[in-house]
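Below, chain A partners chain B and then partners chain C, in two separate complexes.
Let's turn to the complex of A and B:
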């Protein structure tokens, strides 16, 4: 099927007959993540709906959601099965399972919508593609909506403008209310409610880690940079990703070095140390709102004038697009919320930072995190920064808003035996893209810059699975390394002479 | 909820085998959990990491940053992976009785 609107450059439409012919690897029981335990559900305030009531509750919730968000009607009614989304979806390209494609996943809800909420579906059932909702269908929702990484590449190419990511969110929300939540998402949601971050990071743990990072900077650079926590009268509240405290120390250090360079009066809030928001990925009501509430209350107490966001794709999308309305912020307080990449790019564009790209001679490529690229207008600024920080930058193809997902988006970071192999398949396209840049060809590892905590968590093991000779790094990692602190820095080797 | 039985004690674990109540952890439990993480025998080097994790968790309520774990125990990340093939966050922490890490890990 073709001819529905202009095709985005570089994309080929699969004709309908070819889509139908594609080898269907439709597994009888699709791989699904481990479900949350009853204990976790209790902590989350959820009681799993008993099987005998699941269908009825699911239909009620589905109807409410579609009524509340009328944009879903477009997704339910407009799809013509052109197949364009299929070949643009990394999960379909990795698995070739038709249900694992945007159109296939949306159809899991669309058939039910037709059966119960349209006249033709009620009268003619299967003849018009309508299907009863069964427990088996719900299990399929659970599996396939947690395969989708909510990357919105399908939404970007759909000639009708159907945003299939929204359909996944609809499915996950209904499942949340039924108590069908993966352990990873439910446990993380509990951590949000209890600790204000994804990892149950405590204030004592945060301070100990930050002191360790101050020591590291002192050892490496010869001067000390402090990481203020809950400092009263701070101008800036910095929102790091909690994963930075565990896995991405150089990202946190890069942010602190930037703030040190510009002489910022900044702090980290111990009550909200999370740039991400798993609520946005599982429960877009109470859990999502909790992080906004903690942040705005904390920032207000400190008298902050600005909130600066750390490296996290989905979390930045949620904060940039939804925080204001969800927290009713405009009604009670005004505070600008900006991303640290945008801040740094502004300083670079106005010549206020000295960066030395010769400190990073390895070939480097940039993975555009999906939410930055397709929801936040972030692509130019990331390039301004990386080009100023590395000597040999190579674009990945396709890139920017056409980039493919890392395969772990929306928290598809499951490591259970059924799902881990799926993550390897979901990242197959990404591996091809990285390989084609040549950054992995040298004897020394190249750099795969992936400035988002989910991308990093997915790519750390995936570059090994796909045997790519690259190191995964954040963008702030590169900024921290390239920033030149004249007169302050203890320099070693060739940089020493150059910067004297 | 699944459980394991060690030395007559019944201990609740989640689907990934992490014990639910850290106060029930002891050396026997560690030895039992190690077998599921491709660690046949806990050597002195293993214990050094496991005890460090346990102490850190008791003090700070969270697992340490992986780089800090390496620095304080003197093992490189490569050595940690040799000791615990399933990795520091999921393998070593599980044996030390810490809860399964959540979020973007």
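Let's turn to the complex of A and C:
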């Protein structure tokens, strides 16, 4: 990603407590991401439905999904609109737009649901909040469903456990079928289907980058770590996030150092150099499933016994919760899929790794990626790892499953001039949380550990926008740095005497 | 008119209520849960899952934790609804002698009746106050008003009318209806030997509005108590983790080591060293 988008002129970030004093109003036209080009859509194998058929097709799709997703039907029929989720959603806290809250977003579909699929809506219409589906409504869906970061905080706080992600994901799916996809998501879908990663990295390019990373490790640590690609008879397949090749190389190096330390027989699959899954965020039926198939097939061909997932929030949620039921085979017991944090935490909990926290003296705080915290349940082991790796760990408030999203989740990483200011507002709450920990107060930059590629991509520019004096790091970056390789490592700097 | 409301409408109401309820619950149950989409931290077992749901039902824990100002209206109102439903069934069935029947020696019949009266008054007032507060909240918070449809206000208004009439009948001596009159009438309905409505306009209105509530119940958000159970069945489930331990590694974590992580139990599996192919 090109990093910083066009910086809006005269845009100032307002604290959420100031925003809360403003009246909750709907803007006349919500900010929407750039749509995909016709060419990209053709490459994805879909044709944009012409405007005159859009409404009919959307209704057909909505109807056929009723039987397919119980969570969607329950969200439509049992929400009481108490408004509890509103002030617990980072997008509403940043914008004060009632449609930008979980209940508001779900209501965009619920109005249509009532009008076409319920007795009361057909009989009483507006009285029960039913509305006709119009092209304008579809445009609103397109804007607001791509403001949702699928972070599940609404599901966590809802007294009934209604997970609004299920509604916005369904909305995105219907929009995909209509040919209304943001350029970012469509391009990423095309890229991953073509090259096996989001960065359009070819196998040769990947190997080249990995060799470069090997050189870097040799320069820094004094020994060489190889990154095997497509090595036959590997015991484990590591699935890195493709952003790690370019944007966060330290994360990939950290994983390699860990595997080197324990002496694992590992490899990276060239057909699937991507832990993320944008199919999960735009098209769950074709793209998401294809990616699982490709991974499992590749892993099987190499004879792998286990797949280990890299640092990617939504990708791990997609793999952990959806792969079993989507891969058309009960892969779980043939090739177990686990997250690298779980493995490292197990090694640390059983005292098998030598880690030196004094190598990272800066104050550090941990941002719990939403998908790890509210969909995959691995908040404790991230703490096991970070506490073993840094000397000054400070907890962010609220944390764990109550944590707020970074504001970029589910690929809301749009750089276009309309959406970029929205991203700054979405991350307002996160900036306040980081500021409250005090890690940004020192003269030296503190560490904001965000072990998820999308969080990193969002936070790299956002810490600048919100003027936070922190470095954004992954958890594996810290592990790689803190791992002590006795007898192998050429140690430099202040810790030299200590480790010899 | 009174004949229609007191004799014909009740049977229609009950048919619509039970039919609508069954239809909705059947639809909810028949729809697929294609993927495991539980919210973490996952409960450790099904017992933990049920415990969590019961905890949520009893205390409205999430509301208490995340929005106190909603909780002070919502929780008392729902507890009052429960008490009122129970009170109506017990009070009318036993003619206000329910406390005497529970503690026959400690509480006399007259005391039981006045206790029943006192409790009815108190809970009725709590209910009306809490419902009025929730209605006020819907108007007063612009963010909640922005997402409310007219029906959201009307549901609360309907509850307020029913509760208001009930409380009025309790407090104003001339407006009240004695238990045996109500029981006589209701017993007639239940036994399919309809009796004429008691000659009390407040009772008629109370009875009419309750029937309206029952008719709209299955076709509105009032289904939420069932919705909650059905929803939590999907999102609060235990999850079985695959075992940890890296096959083929030189340093191996000892098998069987267990640690807990956000409700998950982490097992470590001992991976046998597989012979390398072709050797």
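Note that the second predicted complex is superposed on the first by the 474 of 500 C-alpha atoms of A that agree within 3 Å, B and C clash if a C-alpha of one lies under 4 Å from a C-alpha of the other, contacts with A are read in each partner's own complex, and residues count from 1 in each chain.
Here is the rule we use: contacts are C-beta pairs under 8 Å (C-beta built on N, C-alpha and C of every residue); 3 or more make two chains touch, one makes a residue touch a chain.
Just so you know, these numbers come straight off a predicted model, no measurement behind them.
Visitor: Look at A:338 in the shared chain and tell me whether it touches chain B only, chain C only, both, or neither; answer first, second, both or neither.
Guide: In the superposition, A:338 touches chain C alone.
Visitor: I'd like to know which partner A:350 touches here: chain B for first, chain C for second, both or neither.
Guide: So A:350 only meets chain C here.
Visitor: Touching A:416 in the superposition: chain B (first), chain C (second), both, neither?
Guide: Touch status of A:416: first partner only.
Visitor: If you count the residues of chain A that each partner touches, which comes out higher, chain B or chain C?
Guide: If we count touched residues of chain A for both partners, the winner is C.
Visitor: Considering only the touch criterion stated at the top, classify A:87 as touching first (chain B), second (chain C), both, or neither.
Guide: So A:87 only meets chain C here.
Visitor: So, does A:199 touch the first partner chain B, the second partner chain C, both, or neither?
Guide: Touch status of A:199: first partner only.
Visitor: On chain A, what residues does chain B touch that chain C touches as well?
Guide: After superposing on chain A, no chain A residue contacts both chain B and chain C.
Visitor: In their shared complex, at which residues does chain A touch chain C?
Guide: 23-26, 66-71, 73-75, 77-84, 86-88, 92, 96, 98, 101, 103-104, 107, 118-120, 124, 126-129, 152, 155-163, 166, 233, 235-236, 261-265, 303, 305-306, 308, 321-322, 324-326, 332, 336-338, 342-343, 345-347, 349-350, 352, 373-381, 400-401
Visitor: Using the touch definition from the top, list the residues of chain A that touch chain B in their complex.
Guide: Within the complex, chain A contacts chain B at residues 34-35, 37-39, 183-184, 187-188, 190-191, 197-202, 204-205, 208-209, 212, 216, 241-243, 245-247, 249, 276, 278, 312, 411, 413, 415-416, 453-454, 456-457.
Visitor: Which positions of chain C touch chain A when the two form their complex?
Guide: Touching chain A from chain C are residues 24, 27-28, 30-42, 56, 60, 62-63, 65-67, 70, 74, 141-144, 146-152, 154, 216, 219-221, 223-224, 226-228, 230-232, 234-236, 239, 241-251, 253-254, 257, 259-264, 266, 268, 271, 274, 276-278.
Visitor: Could you list, by residue number, the parts of chain B that touch chain A in their complex?
Guide: Spelled out, the residues of chain B in touch with chain A are 1, 14-16, 20, 59-68, 71, 89-90, 99-105.
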